[in-house]
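Following are the structures in question.
After this come two complexes, each holding chain A, first together with chain B and then together with chain C.
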Partner chain A sequence: MTAYIARRVLLFVPVLLCIAVLSFFLVRGAPGSPFSSEKNISEETLVALNAEYGFDKPLPVQLGMYLRNLARGNLGRSLHYRDRTVNDIIGQALPVSVKLGLFALIISLAAGVPLGVVSAWRSNTAIDYAAMTVALIGISVPSFVLASLLVLVFCFLVPLFPAVGMGGPLSMVLPAATLSAPFIAYVSRITRGSMLETLSQEYIQTARAKGASTVSVLFTHGLKNGIIPVITFLGPATAGILTGSVVVEKIFAIPGLGINFIHSALHRDYFLAIGCALVYGALLMTLNLVSDILYGVVDPRISYDRKK
Partner chain B sequence: MAAVVAAGLAAYLCFAPGRKPADFSFVLLSEQKSLDPAINTTLAGGRVIRALFEGLAGLNPRTLAPEPALARSWEISPDRLHYTFFLRPARWSNGTPVSAHDFVYSWKRLLDPLSTAEYDYMLFYLKNGARFRKGQLADFDSVGVHAQNDSTLIVDLEHPTPYFLDIAAFESLFPVNRACVEKYRTLWTRPENIVCNGPYTLTFHQLNHKLRLEKNPAYWNRARVRLAIVDAYTCEGINTAFNMYETGVADLIDDFPSAIADTLLKRKDAMVAPYLGTYLYRCNMATPPLDNPLVRRSLEMAVNKEEIVRHITKGGEVAATSFVPPGLPGYPTLTGVLYNPDSARSLLAQAGFPKGKGFPPLQLLYNTSENHKKIAEAVCYMLRKELAISLDPVNVEWSVLQEKMRTRDYQIIRGSWIGDYTDPNTFLDMFVTNGGNNQTGWSNSAYDSLIALAGQTLNPAQRMDRLAAAEKILVAEGPLINVYFYVTKFLIKPRIKGVYPNIRGYFNIADMYTE
Partner chain C sequence: MRSPLEQARRRFAKNRAALAACLFLLLLVVVAATSPLFQGGLLCDPAAQDLSAALRPPSASHPFGTDALGRDVLARTIAGARISLLVGLLATLVTLVIGVAYGSIAGFAGGAADTIMMRAVDVLYTLPFIFFVILLLSLFERSFLMLFAALGAVQWLTMARMVRGQILSLKERDFVSAARAVGAGPIRIVSRHLLPNALGIVIVYATLTVPVIILQESFLSFLGLTVPGQEHSWGTLLSEAVECVNPVNISWWLIVFPGSALTATLLALNFLGDGLRNALDPR
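So, the complex of A and B:
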């Protein structure tokens, strides 16, 4: 197992290097300049800015300088926010996105798993159809529509929650609910599918015959096997929640990484854009690794060791 | 299941704010590039910088007249080239005194050949200021700013500049603390590092979220500051900002969602005033037939600007017939180009394109925004309909638009201008031949000499006459299609006092109070 994890982590390095180099050339190839303003910028200021950020040197030299700094963990200075470093911006924004994502993930599981179990238990009944219709709506409604509806209902009609995030615990409820809606739907559908299969197996009938209660049969005996596909979905789901929060962050004014990613592209903030791409890349790889490891933990038939 | 609940509780508690509520909070619709007075270029950033720092002069929030701030008084020589500022005793937030040497340092920092300040030209009024900046002079001692002693600052100007006190109240000229800047360099404006001399200090700053300002105990005029804690939220979307205002998170927002602008205008908490800004299109002189003034005026006459402000912007904006917005003291408002499709057609015929025949297809560039799009489409539609010419709106990103304007790679391009100081010169001097913000290639020697002459004129009325004569030329022959004059659109809670309607949307947080 340790050797497997070490191999996977070692693979991160070339992948991140590729992301860095590719995004470096992509952002540099974009039209427009990071140093542009509605008012004309004097030649002197432009020369000084280019010198300060090393843009007066040839592109390969700039890439070399960037990679050398990157090796030391230094992601460079923001071009738009002149008094900020990229490390500083990501350091402030990433925890916000992670908190929001964690909150949304918990909601997805807490709502999605029971919903799926109940649907499977009463499959092809009105309860099942109702639950799966709600799930379908959760997947289909775009987040900006859902967010606006939630704000309308819970901020203006029934003022229960604040309209913007980051004010306090309550302010996270609407953004997290918006963000989790499609994932509640996915989780409940996956749970339903796998529980249907599990509940038809013989050991479940044995448990019933022994007189175990419905709750015990469903959640103790059934869910143990039924949850495996959900766990494998967690890796991509967490990545999806973390990287998919861009729209939600914008609507609820949450200062997370997504909003910085958008701004960096619009402002041609080269180093911030590369930094965000690297962080997202690293997140995705880490979460996929975690989900692969969990897969082995919950299903003893899967082993990552080569011998055996 | 228990683990899930516990984790949920833990995540919930992570967000517990544990901060005191603010006495006043407002929304900044964009995050400023920097809180460094020399680097900032945004109006929103200026509001925060005026709370953190104090310059020689400040503006009266009602009249916009310059009044003493850090300088308790000043003397101006009869030729208006020589200013002596007498500084009052004041301290930085770290306890050290603010002196005239701080101004010399800060202004040198702005003008230094290596300075990355975009508003470097704000100090080109100083004697030899531009030459030092361009590296033609190595000795800063020859530049017109000197500290006679700790509390006397001597300033010499290149030309008599009637609005120089207004410039002295501009944020770029505010002092910065040398020890702090040199110790922390790029990161000196972070809350844990910053040293300031204004009514407030910065205690918290999270990018794209909020800034917290708290009363500066070292400020010389502490009694003036009545709101102890102020939050400035950064929020890009005007709809979200409006939600914040409506739900009581923010007490002031400085724009309206345009979809409901007309209903908001009628509300009691709306403060609407003319604003020193013009929404316009530039024509590129290098693109025939736009080099022909008859064609340019024909295009402008065919645009029904009233329709645009009534049906698209809807926030009380004023259709523009000239370039300089109304409301500048002592300056007449010119009645320029009026909507007249018949004259437009005959001008176009005179220019050699009767009924639009032979007129080449043109493109009109605008940057991504719902309103810019609607206006561009309306203008193109009006011109197609009235003049039978082919004009297509083309959407580009903001940074691409700026690049296209800078390299003059356009035919017609959207633009705007917001005055930097309360004088028509902030509008008119930009269209002199090869002016940095001209960006059209337009050149007119009569216009150039009128602007230069006005710059040397000491008599205020005569000076305004010359500027007005210049504007007449610009409106009749210039490269612009002026669309409308902006308005200040504030929504402000009735309990907040000390904000007054004026043509620059100007307010000082330090002058505000609650009832």
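So, the complex of A and C:
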């Protein structure tokens, strides 16, 4: 297991390098200058600014400088917020996004798993059809449509929640609800499918025969196997929640990583943009690794050690 | 004994949700395609502004109401359908061409070439592509061509994997050996013997790619990353709506109509894809 984890973590390096180089050439190859939007900028200031950030050197040298800094964990300085480093900005934004994402993930599991279990238990009844229809709609409604509707209803028509910002815990409810909606749907569909298969197995009949209660059969005996596909879905789900949070952060004006990325791309804040892409990449890979490890923990038949 | 295609058609005809979706999409395509003919008559010009009639709720003359610049929301929603369908179909075509070519080469070549090609796909899978697309669209001069390339380039990976898997299992079958025995070359085997047998899966997956692309197109335009010609994209309509709706001015029609149009289209495409999958690939 340790060897497997080590191998996977080692793979992070080339992928992150790939992201860094690709996005570096993308931002540096783009026409226009990060400083061109500023008014009344004199020729000398421009030269000085370009020199300060090393933009006067040839591109490969710039890339070398950037990668050297990156190896030390230094993501460079923001071009838009002159006095701040990218590490500082991301350090402030990341916890906000992580909090939102975790909240959404917990909602997805807490609502999706029971829904799926009940659908499988009462399969092909009105309850099942209703739950699965709602799930299909949940998958098909785009996050920004749902967010717009939620804001319309719960902030303006019936003002229960604040529309923007990160105030108290109440301000997290709508963004997290938006973010988790499609994943509640996916989780419940996956749970239903795997529970249907599990519940038809003989050990479940044995449990029923010896008089275990329905709740115990469903959640103790059934879910132990039925949850495995859900756990494999956690990796892609968290990835989806992460990318989804870009839009949700924009709508609800949450100062997270996503909104910083969008702004940095629009303002040509080169190093902040690359930094955000790198952090997203690292997060995605870490989460996939965690979900693969969890997969092995819940299903002992799966071994990651190479066969001897 | 009925032919497999006839059996598939019958299975599809029994699926009411898929049939309804099919009907809805046909209607949408017809309305979107013919809408310029009705402009000025039945339908307003989507770009025509009338500040004296701004933010009017739905009425007989404007069934979906008007926006902050007095533009007809119905006309704009239909114009949005044109954009979404066009982008969805063309970008899917891009993924189809790249994915089928890449997947069939990897699957048919097998061995080291296959390993290298599929490892490359694995690496590309781990890259957060949507971020590159956002960077690309926000930094460079945007054009429609770039939008297709960017969206198509992201989505071909899964298509390539599916096609490769199909080819891999098909190429060991007897009819392929038979074709080889009578002297068919690799190109002929792939194009005449393998791909036609993988067609069902390719069609199903292409149908399911269209809603993904439409969703991404509206997602990008919602973020303001529009290309010229995308002024009435459903994403743009919604982002403009979110900007102007506030507690004093609850113009619900600005959100509800384009939002429902987008959702219904995605839902219909997903139903159609599921229906086709059940019809063509019953298991």
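The rule is simple: the second predicted complex is superposed on the first by the 302 of 308 C-alpha atoms of A that agree within 3 Å, B and C clash if a C-alpha of one lies under 4 Å from a C-alpha of the other, contacts with A are read in each partner's own complex, and residues count from 1 in each chain.
The rule is short, and it goes like this: contacts are C-beta pairs under 8 Å (C-beta built on N, C-alpha and C of every residue); 3 or more make two chains touch, one makes a residue touch a chain.
What you see is a predicted model; the values in this text were computed from it and never measured.
Student: May I ask you to decide whether A:Arg268 touches chain B, chain C, both, or neither, giving the answer as first, second, both or neither?
Tutor: Touch partners of A:Arg268: chain B and chain C.
Student: Taking the superposition as given, does A:Tyr280 touch the first partner, chain B, the second, chain C, both, or neither?
Tutor: So A:Tyr280 only meets chain C here.
Student: Between chain B and chain C, point out the one touching more chain A residues.
Tutor: On the superposition, B touches more of the residues of chain A.
Student: With the two complexes superposed on chain A, say which partner A:Ile19 touches: chain B (first), chain C (second), both, or neither.
Tutor: second
Student: Output check: A:Ile139 vs chain B and chain C. Expected answer is one of first, second, both, neither. What do you get?
Tutor: A:Ile139 sits against chain C, while chain B stays out of touch.
Student: Is A:Lys99 touching anything from chain B or chain C once the two structures are fitted on A? First, second, both or neither.
Tutor: In the superposed model, A:Lys99 contacts chain B only, not chain C.
Student: Touch test for A:His221: chain B only (first), chain C only (second), both, or neither?
Tutor: A:His221 sits against neither chain B nor chain C.
Student: Just to be sure I read the superposition right, which of the two partners does A:Arg189 touch: chain B = first, chain C = second, or both, or neither?
Tutor: In the superposed model, A:Arg189 contacts neither chain B nor chain C.
Student: Contact-wise, after the overlay, does A:Ser171 reach chain B, chain C, both or neither (first, second, both, neither)?
Tutor: After superposing on A, A:Ser171 lies in contact with chain B but is clear of chain C.
Student: Considering only the contact definition stated at the top, list the common interface residues of chain A for chain B and chain C.
Tutor: In chain A, positions 31-32, 151, 155-156, 159, 250-251, 266, 268 sit in both the chain B and chain C interfaces.
Student: Please give the residue numbers of chain A that touch chain C in the complex, ascending.
Tutor: These residues of chain A touch chain C: 14-15, 18-19, 22-23, 26-27, 30-32, 136-137, 139-142, 144-145, 148-149, 151-152, 155-157, 159, 243, 246-247, 250-251, 261-262, 265-266, 268, 273, 276-277, 280-281, 284-285, 288.
Student: Within the complex, which stretch of chain C touches chain A?
Tutor: Residues 123, 126-128, 130-132, 134-136, 138-141, 211, 215, 218-219, 222-224, 235, 238-239, 241-242, 245-247, 250, 252, 255-256, 259, 262-263, 266-267, 270.
Student: In the complex formed with chain A, which residues of chain B make contact?
Tutor: 1, 4-5, 7-8, 11-17, 31, 33-36, 39, 41, 113-118, 120-121, 133-135, 186-190, 206-210, 233-237, 240, 243-244, 246-247, 249, 397-400, 402-403, 406, 415-416, 436-437, 439
Student: Could you please specify the touching residues of chain A with respect to chain B in the complex?
Tutor: 31-34, 36-42, 44-45, 48-49, 51-52, 77, 80-85, 88-89, 92-93, 99, 102-103, 106-107, 109-110, 151, 155-156, 159, 162-164, 166-169, 171-172, 219, 250-255, 259-260, 263, 266-268
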